[in-house]
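What follows is a set of structures to go through.
Shared chain: chain A. Partners: chain B in the first complex, chain C in the second.
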Partner chain A sequence: MLKRRHSDSEVVAITVDGVAVEARAGESVAAAVLVSSSEATRTTPVSESPRAPYCMMGVCFECLMEIDGVANRQACMVQVAPGMRIQRQLGARDLRGAE
Partner chain B sequence: MPISTAHKNYDVAVIGGGMIGPALAIGLAERGMKVCILDEGDDVLRVARGNFGLVWFQGKGFGMPRYVEWSRRSAKLYPSFAAELKENTGVDIGHANPGGLELLLGDEELAHRRHFIGQIYQQGGGNEYEVEFLDRKQTESMLPGIRLGDEVVGASYSPIDGHVNPLFLLRAMHTRFQQLGGTYLPHHRVSGVVKNGQAYDLQTAAGTVSAPKVVIAAGHGLRELGPPLGLNIPIRPQRGHILVTERTQQILPMPMSAFRQTREGSIMLGVSAEEAGYNDMVDTATIAKIAQRAGRIIPALRNLNIVRTWAALRVLTPDKCPVYQESQSHPGIYAVASHSGVTLAAVNAKVASGWIADDPAPEEFEAFSSERFNAQKTA
Partner chain C sequence: MTVPFDIAIIGAGPAGMAAAHEANSLGLSAVVIDEQNAPGGQIYRNVQRVIAERPEDIRILGTEYACGNGLADGMQSSGIKHLAGHMVWQIERDGTVWCSDGNKAKRIQARTVVLATGAMERPMPVPGWTLPGVMTAGAVQILMKSAAMIPDGPVVLAGSGPLLLLVADQLIQSGARLAAIAETTSFSHYLAALPKLPKALSAMEYLKKGLQMRRRIKASGVPIISGISGLRINGGAKATGITFKAGGRTHTIAAETVLLHQGVVPNTQASRQLRLDHGWHDTQHYWYPKTDVFGATSEEKVFIAGDGAGIFGAMAAEVSGRLSVLQIASHLGVIDVAERDRKAKPLFSEKHHHDAIRPLLDALFPPPAEILNPRDDATIICRCEEVTAGDIRKAASLGAPGPNQLKAFLRAGMGPCQGRMCGLAVTEILAAALGKSPVDIGAYRIRPPLKPLSLAELADMDTDPGTVTSSSL
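== the complex of A and B ==
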């Protein structure tokens, strides 16, 4: 598991798959998730192979997660905010029930 | 690249490695002929890399009953064609024939579609035409789990319609062609064709190729290749755009003309038609229009991210119907042009190849002659 180098920023409370996680102000969702767990953050839509954040700069799209109910967002491009609900993106998103 | 001076002889030289050339070439090779495909490189228009992937029947053949039958025949040949490609090449082209819908927004679109489909039905002289109209309720019942936009009044439906992965189709046809002993020659742009005894010599960027029969299936290249060979066929480019969404779980049970969901889950949105000459750049205003219409038909699609867009240039004849023409001044040289290379791939492989191989020409071919454009000019 990765470690945060410094932690003098303000604590931001988020949840990842319903589990409380203490993130730090200014960091990306991908960074917060990487320091809280070493599990895959998504599985791919067709073969369901496990993936995790890779480029951390918005290019590779490996970090897709569901953030506050919106599927397939790039977790490395979204800053954490208090109360944010993050879900792993398992397989393809489901449009059923969406409006 | 070294220029080969080897003189290569074939029974048939097919110019064009897109959707039409390889389909015909498979059929010719299956008949035991020695066939080559002369192709260019990836620096040309490559229309066959831009297809949407419909195997489509409804609405095709306005003004030409033979084209209605021809499209139906291809759609009916598709399951065995796809199975054969899979069995021999291992490439699954993802063909499915669940029927197809054209969803209609508002009464005006419905009236227009009814009139258009009615005309195609009538020109068939009362023969069966497998297209019916569904009201909103009937349409909803075919699309479980999908909420249709409020403006959707119904749809036209045909059980003949289906779809395919066009890139896998292209790959499977090329693989099959080479399995059958065919020779694929890329970077062989044809610059001239001259009669040499019983055969034609094709001068190419990589040496001369000879064959008594030549098929021009070169898409827009026909504009340049055709006229000196007595094949003055007035095709023009018509630009179409395609948008591809991120993958989602399966939600569309059948293709809907302007949308289809791939087996892998992407939803493809189309299909525009612009007169833009040979400009195949993406136009943002057009893709915005396509996306907006998709959202009016199925509002849930508005949630999806678009991951790719492109434009490609249809090879369009004046009446949008295909041309199959043998040159009168240069017998043995054939031109085939159509914007419907995916739908017609099966019938091109299985039937049209026989027209070139000198089996009795199928009856349809009289209607498919480009003479119809000359007649219109002098009338």
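== the complex of A and C ==
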């Protein structure tokens, strides 16, 4: 869905759902995920309908993702960092799976 | 000893940065608290890095964008305290501001508060607007500024407003493939805007920029379809394009990325949380906190500068930031009224100049009725709780008299975005269903925290009220 116009900035290695992804320094998590795949970044707790970032400026809360084990973070407001682990949130959280 | 800041400025866009400069030059102590990691707000997002690392992109993003660099650099080289990456979650009328850096909550004491929290794009509820592949035009512009990203694959833009055309122009210059621009603006809007033209002529640079943009888009060969209605987004798991009516027939345009835009509106979360008096803009259909010419609000210690008090653009926002600080300085006894007026005089005429274009833009790009009050019952209004226009109308018929009571019926406005996305549409739909005016219907009551924060962030907070002040930061 997206592409980078420049790719000369420093590579930042992250994982999205366990898969290695090469982000670039200064990118938000939402941007790094969007450029790696056009799939939904979460499904809703209400009906499990597919969603993806809508506003990219922190007001719509559609980009909620699990970042380094913390759920419901605004992926458009967090910059990528080396080794960051990002997970899509699918549906409502399973209480039994919560630590 | 506890020494509060003279001013806490919330937001580091044009209004906030200009306010900080003015405070610094008058010798006031100011702290700028901003959610982003670098100054600029959305309009000058990432401007320092773009200029340092890919200056060739200024050709696409515009010289007006580059202007933000001076403000941002100046703020960082001055003595102004800038709390970047800090999310403000509560503001009190006495000047206490609560924020968090993501790990630890903090309490800031200030004598006055300047809200420079800016605008957001009007949420555009149409069938299918929740599908992946649908974003706002501003969202893609943020991706261009912050990450040099553009859509890969065909793009269609729909809606109206200066930003829709600006983003279309920038995407074309960036090499994105635009399938079409479908605008709700029609010939009748130009006729309605005509009487506003003489006043707008005094702000010629805006008119010239608009005409140049249109000319470049035309020259690119990207089709512009005007006067569209009945917009819907097609697709199942993701967007595949849009369908709409124009010129008496139905059009379908295939695209992987659908960009929506229908103007910008003040972001009123903070002003609502402070319970400031708000008014309703009849042409542009938005709420604005009521302010005087200096940005003073119904609360003595709270000022608002920039688009958060009504949409007038980045240049006017800078001026209003300075004006607010002049008034605060005179309240605090740092300057007398005569000096305030001497300094304010050129600012007022500058503001007057930038404001002159607004009546024309407001008349040319009004939000269409079908966005304000979607006719299709299945259209999702509250994206978080998946509440439709039909659900809201049904609740109204069952006795829900306003947005706050609607929460008990449907949970609309109670999801993570806290009503940012559905608030305006909920007010309009209830107003239409109940035959009342938006002012009679009112808006969601906004409560702290303004954005969610974790219990750990709260628990780690230093509770000594004197901890975070101008003397200790």
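Keep this in mind: the second predicted complex is superposed on the first by the 93 of 99 C-alpha atoms of A that agree within 3 Å, B and C clash if a C-alpha of one lies under 4 Å from a C-alpha of the other, contacts with A are read in each partner's own complex, and residues count from 1 in each chain.
Just so we're on the same page, a residue touches a chain if its C-beta (ideal position, glycine included) is under 8 Å from a C-beta of that chain, and two chains touch if they have at least 3 such contacts.
Just so you know, these numbers come straight off a predicted model, no measurement behind them.
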{"item": "Touched partner set for A:Gly91, first chain B, second chain C, both or neither", "value": "first"}
{"item": "Touching partner for A:Val46 - first (chain B), second (chain C), both, neither", "value": "both"}
{"item": "Chain B versus chain C as contact partner of A:Ala13, first or second or both or neither", "value": "neither"}
{"item": "First, second, both or neither for A:Asn72, with chain B first and chain C second", "value": "both"}
{"item": "First, second, both or neither for A:Arg4, with chain B first and chain C second", "value": "second"}
{"item": "Residues of chain A touched, compared between chain B and chain C (which is higher)", "value": "C"}
{"item": "Footprint overlap on chain A, comparing chain B with chain C", "value": "46, 70, 72"}
{"item": "Complex interface listing, chain B residues touching chain A", "value": "145, 147, 246-249, 251, 264-265, 299-301, 303-305"}
{"item": "For the chain A and chain B complex, residues of the former touching the latter", "value": "45-46, 70-72, 91-96, 98-99"}
{"item": "Partner chain C, residues of chain A touching it in the complex", "value": "1-6, 9, 24, 26-28, 31, 34-35, 38-41, 44, 46-47, 49-62, 64, 70, 72, 74, 77, 79"}
{"item": "Residues of chain C touching chain A in the complex", "value": "35, 37, 42, 46, 49, 53-54, 57, 87, 120-121, 123, 130-136, 138-140, 142-143, 146-153, 174-175, 237-238, 256-257, 267, 383-386, 415-417, 420-421, 451-452, 454"}
